[in-house]
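You will see chain A twice below: alongside chain B first, and alongside chain C after that.
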Partner chain A sequence: MNAVETRELTRTFGTLDAVQGLTLEVPEGSIFALIGPNGAGKTTTIKLLMNLIQPTSGQAMVLNNESRHLGVKDWQRIGYVSENQELPEWMSPSELLAYYRPFYPTWDDALCGTLQEALGLTAAGPLRTLSRGTRMKAALLASLAFSPELVVLDEPFSGLDPLVRDELVRALLEMPGHRPWTVLVSSHDVDEVERLADWIGFINNGRLTLVEPIESLLNRFSLVEVITERETVAELPAVSNWVRHGAAGRTLRFVDTAHDQPESLQRIGAAFPAATIRSSRMSLRDVFLVLARQGAAERS
Partner chain B sequence: MLPFTVSLHSGESILDQVVYAVTRAVVTGQLRDGDAFPSVRTLSQELKINPNTAHKIVAALIEDGLLMSRQGIGTVVTATAPPAGSAPLDADVERVVIDARRAGMTLQQVIALVRNLWTRTGRPAEPRSRG
Partner chain C sequence: MTLVRHLLVADVRRFQSTLISWVALVVITTVLDAAAPELVPGSSLALGVTVASTLLSVATILYFVAVVAVVVQNHSVVGTTAFWFAKPIPPLSLFASKALLLVGLLVAVPVACDVVLMAVHHVPVSRMLLVVLQTVLVRTLAIALLMSVAATTANLTRFTLVCVAALVGIGLVGVLSLSLLLGQWSGGGRMSVLSTPQGGGPIDVAARTFDHTPDALGIMLVTIAAVLMLRSQYLVRQVRRSVSLGVAGAAIAILIAAFWPWPLFVPRQAVPPWANNAGAAVLGGNAASFGFDWGLSYIRDDVRLARADTRVTGFPDGWFATARLAGASLAIPGHPDLTSLPYGPAAFLVQQNGSSLLSLALAHALGVSMVATSGTAGADRLVTFVTREGQLSARQPASGNYVGNFVLDLTRLERVAAMPLEPGIFQDGDFRFQVKEVRTENDGLYLRTKISETQTIFDRRPPAAYLYFLVNYDRDQALSGYDTWRRGNAFGLPAALPAYWFPPGFSLESTSMQFSVRGSVHDKNQRDFVAEWIANARLVLIKATGVGAVMREVRLPDVKTTVELPRRRQ
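What follows is the complex of A and B.
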């Protein structure tokens, strides 16, 4: 079962293709991270899913309903928090909770208490006087306390200090009823995402260039170093899965994007006989940089 | 708080890092036979990791014979079975050898150091002699 499914989802603004032919599935119970550079189309995608804007063409299904027809009944099952959330600024966090509570039949006071503790949210006073981090905590708490089936977060971590990030993540990892809720999160904070997500979608220039489980992604990408005895190997043979990284001294570096294939090492050995070959696993951050550079090269 | 020492870094699988940390804790006696092990939820929240990853970690440790699931109690440490051997040590050993050579140590000195650590990390034979 999928919590979200899109087919050829497209949105143009004038001549700008903000999102182009986006097809993805967010499996139920997963933490799906939509990552990509600024201006890639992450926020537009989320706004399309949340019916805040309408697609130019294509379709999105959210909890088995078409996104264009999302209504009150659906909103009672979806927790949505965005970076620039509009909040009733005159309310204190506890007034905000009291205000939201009657709108949600599944509101769970016990869960609300647990989450409040995980978030370390004790502040009083109107939201407009509180820090960005505290406002984010209040918004997240109000969106999780009714135990939604789907949680959608648009850049929840940006501009927040490590302690606040930690508390937000801790709240997200609460498991109501001992099963995780489905989370769709857009972010460019790849370090947070590397631990949290089990699915990664990479979006660049409005196009989804990759969707796969993070485990297979990180098994597939590998940084390869070729160290020769005498002269530098400056040239990398044109192999479809190899992306040049650089060369200096005796060392040539490239990224093998199919390093999980059994014949991968043989292929490298055959291309560079008599060289020492080392390969190492990459962080999601390094994979992000490779993908983003590829995207930038294609655009120019 | 987790009852074992771990500090996650990127560039290595989270599963491998945590399984290694728990193995080390069992070998050094930080975790002992019968000790309670954190739930999947606690593991996930404390390490800020995906619940599915936390689940896989517990499953891997059960398969390695380091943990056992007890009805009504949760997961406990079983130090009776020796941890599964042959972890890929090449990279770690290589680092030790390179550091030792740079420091101008002799092979004998390195071996003496290893022997010393080997003795210090091995616990007195009590639980292990049963397995």
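What follows is the complex of A and C.
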């Protein structure tokens, strides 16, 4: 079962194709990260899923309901936090919780207390007087305290200091609950995403270019260094899975995007017979940069 | 309902200081308006209260508009980032809570103040209910319209811009409508113009016989259209769609109101039996006095008016009428018949012997032989024909047979009170006349009075007005008073609404009346007679009641179509 499914989802703003033919499945119980550079279409996708804007064409299903028909009953099962969403600045965090509480039949005061403790949310006073981190914690707490089936986070870590980011990630990862819940998070803060997510979707120029489990992705991508005996650097043969990453002195660097295949090493050895070859596992940040540069090159 | 209450309570907490400020503003304005008539006119305190009251009235209107915008936009209904979007807050519950808060605040509080004031001024409960109903409808309409603008704009700046643009648009439509209306003159089309007695006479009861059904219906239907638009915006949040719905709804509402065929709130008027007799209220004219002039040259150069001396017979004592043109034709040999536009200002009528019908009726009602009025009851030459210059010049010089139809608005005059010249009160239903101060001076008498009454769009009683006379029965003389200073407050309506086309609900005004004895009556035997004249006088109130109208025809043979030019506008 999928918590979120889209089929050829498209949204244009005038001549700008913000999201183009996006087909996506977010498995139930997964923590799915939608990553991509600024302006890639992440927020537009989330807004389409949350029925904040209407698709130009295509369809999105959220918790088995078409997104454009999401209503009060559906919002009682979805926790949504966005960096762009305004907050009732005049309320204190406790007033915010008291305000939202009657709208959620599944609101759990005990869970709310536990999360409040985990997030260290003790601040009083109106939200407008509090730090960005505290306000984001309050928003997240209000979106988790009713044990949502789906949590949708749009750039939740943006502009937050590392300590607050860590607290948010821990709260999400360690959130107590009795049923499987799904998290869909959009972000370009890949370090936090790497800690949090088990699925990755890479979106660029409004198109989804990659979807797979994070472990599989990190196994597949590898940085290969080829050090030749000669004075000049080796040329990179045109192999579809190899992406040039740079060269310095006698060292050629490229990314092998199919390094998990058994014949990968043999193929590299055959291409560079008299060279020393070293390969290393990449971080998600490095993978992100490779994919983003690739997208920029394609666009230009 | 629980959620509506929850949202309402949250908003009340949020806007606590705003609510308190509004209540204070309304209460203070009401107290000042109510206190103003109690103060001596011209005193520094009265002046201060007047200035403060005026400023607060303006502040109240601005606050009214601002409160609606702020309360609605606190939960923005446009864009994609409002905090309540993607939360299980039922949009219609939110709308209901906002509407309840605004109606409670902006309608209930002023209405409560009105009710207290009306109770203080002994307005009967049945009249109070009508005033309250009118106030609720008008204010609810204003709230619904402002909510519609606030719900389709992102912030206060845009809200203000749209409101200003709407005001400018309404002004332009008004000017355009007026131009089109005036343009119809040259096209020879029909035009309906409110007729009032020439010379601004004191008896304007005929002007109060409007049917306000279109007003009442329009207010209710436009409010419903605005509510439907708001419902759409809260549910779907698509500004273009909601605005289209609202504009279409308002247009349909206005069309329904404008073409509503059944008058529901027309005053009940029963033409007295004597007036239905063909021998009563007979209007006749003098063909030799018929002549065209440049009567409307201050509006248009190409319009010509014919006037004629007219006389009326067959009026019983205590009655008078004004006459206005309903239609006329001129049959000129060799030409097609010329038809008049159905326009004509009303004119006071005179009897065969040249006596003013109004003066006679007043004298009868007052029970004296001589009535000195402040120059309003004289005879007017009745407008008998209205046409275009082009149509007239094609028939000049010529003469023809004239047939005109006139509406005679009948008014009954009766004495309702004779008060001693001292502070006192006269009450007639909702009408309350209070003499606050009596002051005798060298040339006459001055009264400071407070007058309160109610008028609503739902009124079906015959229109009535009160006239004030100082009467000395020993000398068989009466003289009318005139206002030297008047200050009014129309409670129950936003001050921006002009009272001349819309009944003001409850009105309270203070007046300084002057009765100039020396300038009105004379005593050859006694040089210093004013004090003695006043000492034996009483203040008499005459009630003028409009009881309906009858049509009368005037035929004038062989009238001239030449235009006499006393003066032409340069």
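Here, the second predicted complex is superposed on the first by the 294 of 300 C-alpha atoms of A that agree within 3 Å, B and C clash if a C-alpha of one lies under 4 Å from a C-alpha of the other, contacts with A are read in each partner's own complex, and residues count from 1 in each chain.
Throughout what follows, contacts are C-beta pairs under 8 Å (C-beta built on N, C-alpha and C of every residue); 3 or more make two chains touch, one makes a residue touch a chain.
Everything numeric in this text was worked out from a predicted model, so none of it was measured.
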{"item": "Fit or clash between chain C and chain B when superposed on chain A", "value": "fit"}
{"item": "Contacts of A:Thr209 with chain B and chain C, given as first, second, both or neither", "value": "neither"}
{"item": "Contacts of A:Phe103 with chain B and chain C, given as first, second, both or neither", "value": "second"}
{"item": "Contacts of A:Ile78 with chain B and chain C, given as first, second, both or neither", "value": "second"}
{"item": "Partner chain in contact with A:Gln294 - chain B first, chain C second, else both or neither", "value": "neither"}
{"item": "Contacts of A:Asn65 with chain B and chain C, given as first, second, both or neither", "value": "neither"}
{"item": "Smallest separation in angstrom, by C-alpha atoms, between chain B and chain C in the superposition", "value": "26"}
{"item": "Chain C partner contacts - residues on chain A that touch it in the complex", "value": "47, 50-53, 72-73, 75-76, 78, 80, 82, 84-88, 90, 99-100, 102-104"}
{"item": "Residues of chain B defined as touching chain A within the complex", "value": "8, 10-14, 41, 44-45, 47-53"}
{"item": "Touching residues on chain C, where the partner in the complex is chain A", "value": "2-3, 6, 10, 14, 76, 80-83, 85-90"}
{"item": "List of chain A residues in touch with chain B within their complex", "value": "30-31, 118, 166, 169-170, 173-175, 178, 180, 191-192, 194-198, 215, 218, 280-286"}
